[in-house]
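Next, two complexes with chain A in common: one pairs it with chain B, the other with chain C.
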Partner chain A sequence: MHPAHTRRLLKEIQDYHNEPSEHEGFKDLRPRDDDTITSWQVVIVGPRDTGYEGGQFQVTIEVPSGYPLQPPQFRFITPICHPNVHFHTGEICLDILKTAWSPAWTLQTVCLAIHLLLSSPEPTSPLNCDAAALLRSGDLLGYQSLVRMYTQLYAQQGVTSNYQG
Partner chain B sequence: MSSFQRDPSRSPTDLEILEHQQSVVEAHTSTQLLVGPQEPLAALAKEYRGSESFRAQIERLTQDYQAIRRCRGDGNCFYRAFAMGWYEAVHSDPRRCAQALRTLEESADCLQQVGFESLVFEDFLKTATDTLHTLQCTSRDSPADAEALLEQSFQTPEVSNSIVVYLRMLTSAFLRQHQDDYLPFLEGEPDMVRFCTGQVEAMGVESEEIHLIALTRALGVSLRVVYLDGSPRASESGRPVTIHPFPNAEECAANASSGVVTLLYRPGHYDLIYPNHPTSQ
Partner chain C sequence: MSDPTITGAEASTDGPRRCWICLGDETDSTGSWSQPCPCSLVCHTQCLMRWVTESQREDPQMQIRCPQCNTPYKMDRQHSHIVRFINRLEPLATKAALTIAASGLTSCAFTCMTTYGAYAVLTLCGSLEGTRLLGSPTPWGWRIWVGLPLIPMILVGSRTPIFDNVLPLLPLIFVQPHDLSPTFPPNSATIVTALPWVRVDIETAVNITTNTDDGHVYRQVLNTSLADQIDFMQRRDSMGQDVLAIDQIDQIHRGPGDTVVELQTGIQLKGTAFVRAVDIVSVLYKYRAVQSRKRRRILNYGE
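Moving on to the complex of A and B:
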């Protein structure tokens, strides 16, 4: 009998492969290697009509042994300019990954929530103060161009320069 | 607490404040058992030595109640106390127990109907039914062993929290399924799905009346909540302690034959409380 987190992750893998429907928000969700089922990676796809469009953002997922009673840890590896993502550490400020976690979420649905966060930032709880300040001051043009610049610098296809802070 | 270095020049965000609060609560409560042993009501009176109105209420309670069982104040106390009280009320009675097991198994339909994938709840449901089933079997041979097993199960985090998770998901599913009935009672939140995600399914988020109504209706279980609020009016002679039936008076009476759960409510917290004559309740 597998431990609870392994049992759940195996089901999630199967579910993901059974329904390879349009996950247009993310792709390549899988364990990083064959040896461990608790370290995953995924590519979040920049949403259309945002400064992230055309960007492919590498995200790592660490699954604790208490999963799914405890939340997984998601972290951007590709640098991204977003009010709720720490530019240097890639930490994501999203309530469902912390105080509002529920085992009703799966790795897949969290990926969709992160994709959604890219188009709907929460400037009131910033991890990137500069981006949040632009957004809060109503300088949408400045905000969009800053986001687009970082997307082009780090997250365009073919670009492999991952930030290692 | 967040692992990143916070810029000291800016004020903390709402999330950081909430995380900090949760870490304080966790540090404060993690030494407390998830569910304690039964204690006589006198133990409760000791807590309120200085408060005349609370003591008068507790004095009144001793006429009808004999013991309490404390539950950890981690935001899950309602679900945990309710589940334990429910299992305690049914496990030694084969008819009630069979009915409770059937209710639990059938409740999965409600989750599926509102779109929960079985992979997110089946392990938790299995823990909930396995625990009750084992209790039932143990109870047949030795009621004393069953009591000990019940306490031990609810003190084991994986078991106890799995049952809490399932009841949270069921409460959420029931509210979503009947959202036309319940939406008018949500203050300031026009979106049932968002309410359920943030206020029902999220671990550690406390319950309000709407949660109690939804869960007791989803399971068809009678719940009585004894309110210990220390209100000065309570010490007026002859005024009984306030008891609220859930989901409402009629349904509570109608469901009583399948077992009754009685909880003690103090502002912000639920514990179990035991009547002198459980069968006559």
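Moving on to the complex of A and C:
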């Protein structure tokens, strides 16, 4: 008998492959290698009509042994300029990954939530103060230019330079 | 553990029921099922309890809600009487803690001051006269209860000019009128009553003779005279004891001091018993609380 988190992750893999529905917001959600089922990776697709459009952002997922009672840890590997993502560590500030977590979320739905976070940043609880300050001061043009610049620098297709934090 | 039966779960879902926590369904998992809210989410009773326990790790009183429809889950807690009683008592006790601490400190100070007062009276007037003045502790009149704790305060206060105006009158309140009989040598009550007047007299005398407000000289004179008076009292006390008849000695030994010792022993015994009782109740409370925590469960919707 597998431990509870393994059984649930196997179910999630099954669901992911059974549902042929279009996963617009992300792709390649899978365990990093065949041996460990607790380390995952996913590519978040930059939402259309934002500075992130055309960008592909690699994210790693660490699943704790307490999953699904405890939230998984998501971290951006590709550098991204976003008010709620730490530019150097890739840490994500999202309530459902902390206090508002419930087992009703799956790795898939969290990926969708992160995709949505890219298009609706929350500058009141920033991890990237500079991006948040631009947004709060109403400098939308400056904010979007900055975001687009970093997306082109690090996250465009074919660019492989990952930030080594 | 009872096995709750689901009433509306099958009607609202297509296919086999699926636990929203472990994602296991009826075909590949075992266990009883719970449906704690009116929405489509159903789960294993065991999974639900694990989730509730995890959520309430930091705040045991936290209200758990359905993550989908936000309906609060109803918890069935079968608390025993003692757990219910103490849970109700605890907030009251928290509120009353300050008052209890304050009154404890006050009664502590009161006891110390009364004991000191009684000791002072016995030292100043001698065992025999002191015992007679204080009378039997059961019951002490209000004069004693108010007067004894005032003694240390007055002694301290009399070193400063605060009480100069009321000091001569204070003893009159607490000394019984029939104690103030004009005898020779004057009895202790009369002397104590007269002391403040002597002090005033000396002050006046000093003021007249030196015609200055030199407080230093005045204090010196006053202290010497007070010390002399107390010295006189003590000598008088020891003289008095020498001539005591043998049959009175037993009576002295059964003086207020012994009563105080008996009183203290009684308080200690009662205190020990109280602490033991509190220990027993708290152990019982913890045992019962653990029991009811084991037995708790989330009610099905509509149950």
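In this text, the second predicted complex is superposed on the first by the 165 of 165 C-alpha atoms of A that agree within 3 Å, B and C clash if a C-alpha of one lies under 4 Å from a C-alpha of the other, contacts with A are read in each partner's own complex, and residues count from 1 in each chain.
Assume a residue touches a chain if its C-beta (ideal position, glycine included) is under 8 Å from a C-beta of that chain, and two chains touch if they have at least 3 such contacts.
Computed from a predicted model, the values in this text were never measured in an experiment.
**Q** Given the alignment on chain A, is it a clash or a fit between chain B and chain C?
**A** Because the two structures are overlaid on the shared chain, the partners are seen to clash.
**Q** Let me test your reading of the model: by the given contact rule, A:104 touches which partner, first (chain B), second (chain C), both or neither?
**A** A:104: touches chain B and chain C.
**Q** Touching A:12, do we find chain B (first), chain C (second), both, or neither?
**A** both
**Q** In this superposed model, does chain C or chain B come into contact with more residues of chain A?
**A** B
**Q** One more residue to check, A:53. First (chain B), second (chain C), both or neither?
**A** So A:53 meets neither chain B nor chain C here.
**Q** So which bits of chain A does chain B touch that chain C touches too?
**A** Shared contact residues on chain A (touching chain B in one complex, chain C in the other): 4, 7-8, 11-12, 15, 68-69, 102-106.
**Q** Which residues, counting only chain C, touch chain A once they are in their complex?
**A** 20-24, 41, 47, 50-51, 54, 67-68
**Q** If you look only at chain A, which of its residues touch chain C in the complex?
**A** Contacts found on chain A: 4, 7-8, 11-12, 15, 66, 68-70, 102-106.
**Q** Of all residues in chain A, which touch chain B in the complex?
**A** Per the stated touch rule, the residues are 4, 7-8, 11-12, 15, 68-69, 86, 89, 91, 93, 95-96, 98-106, 124-127, 129.
**Q** Looking at the complex, which residues from chain B come into contact with chain A?
**A** Of all residues in chain B, those touching chain A are 2-4, 7, 10, 13-16, 18-19, 22, 116-117, 119-121, 123-124, 158, 161-162, 165, 168-169, 172, 197-198, 201-205.
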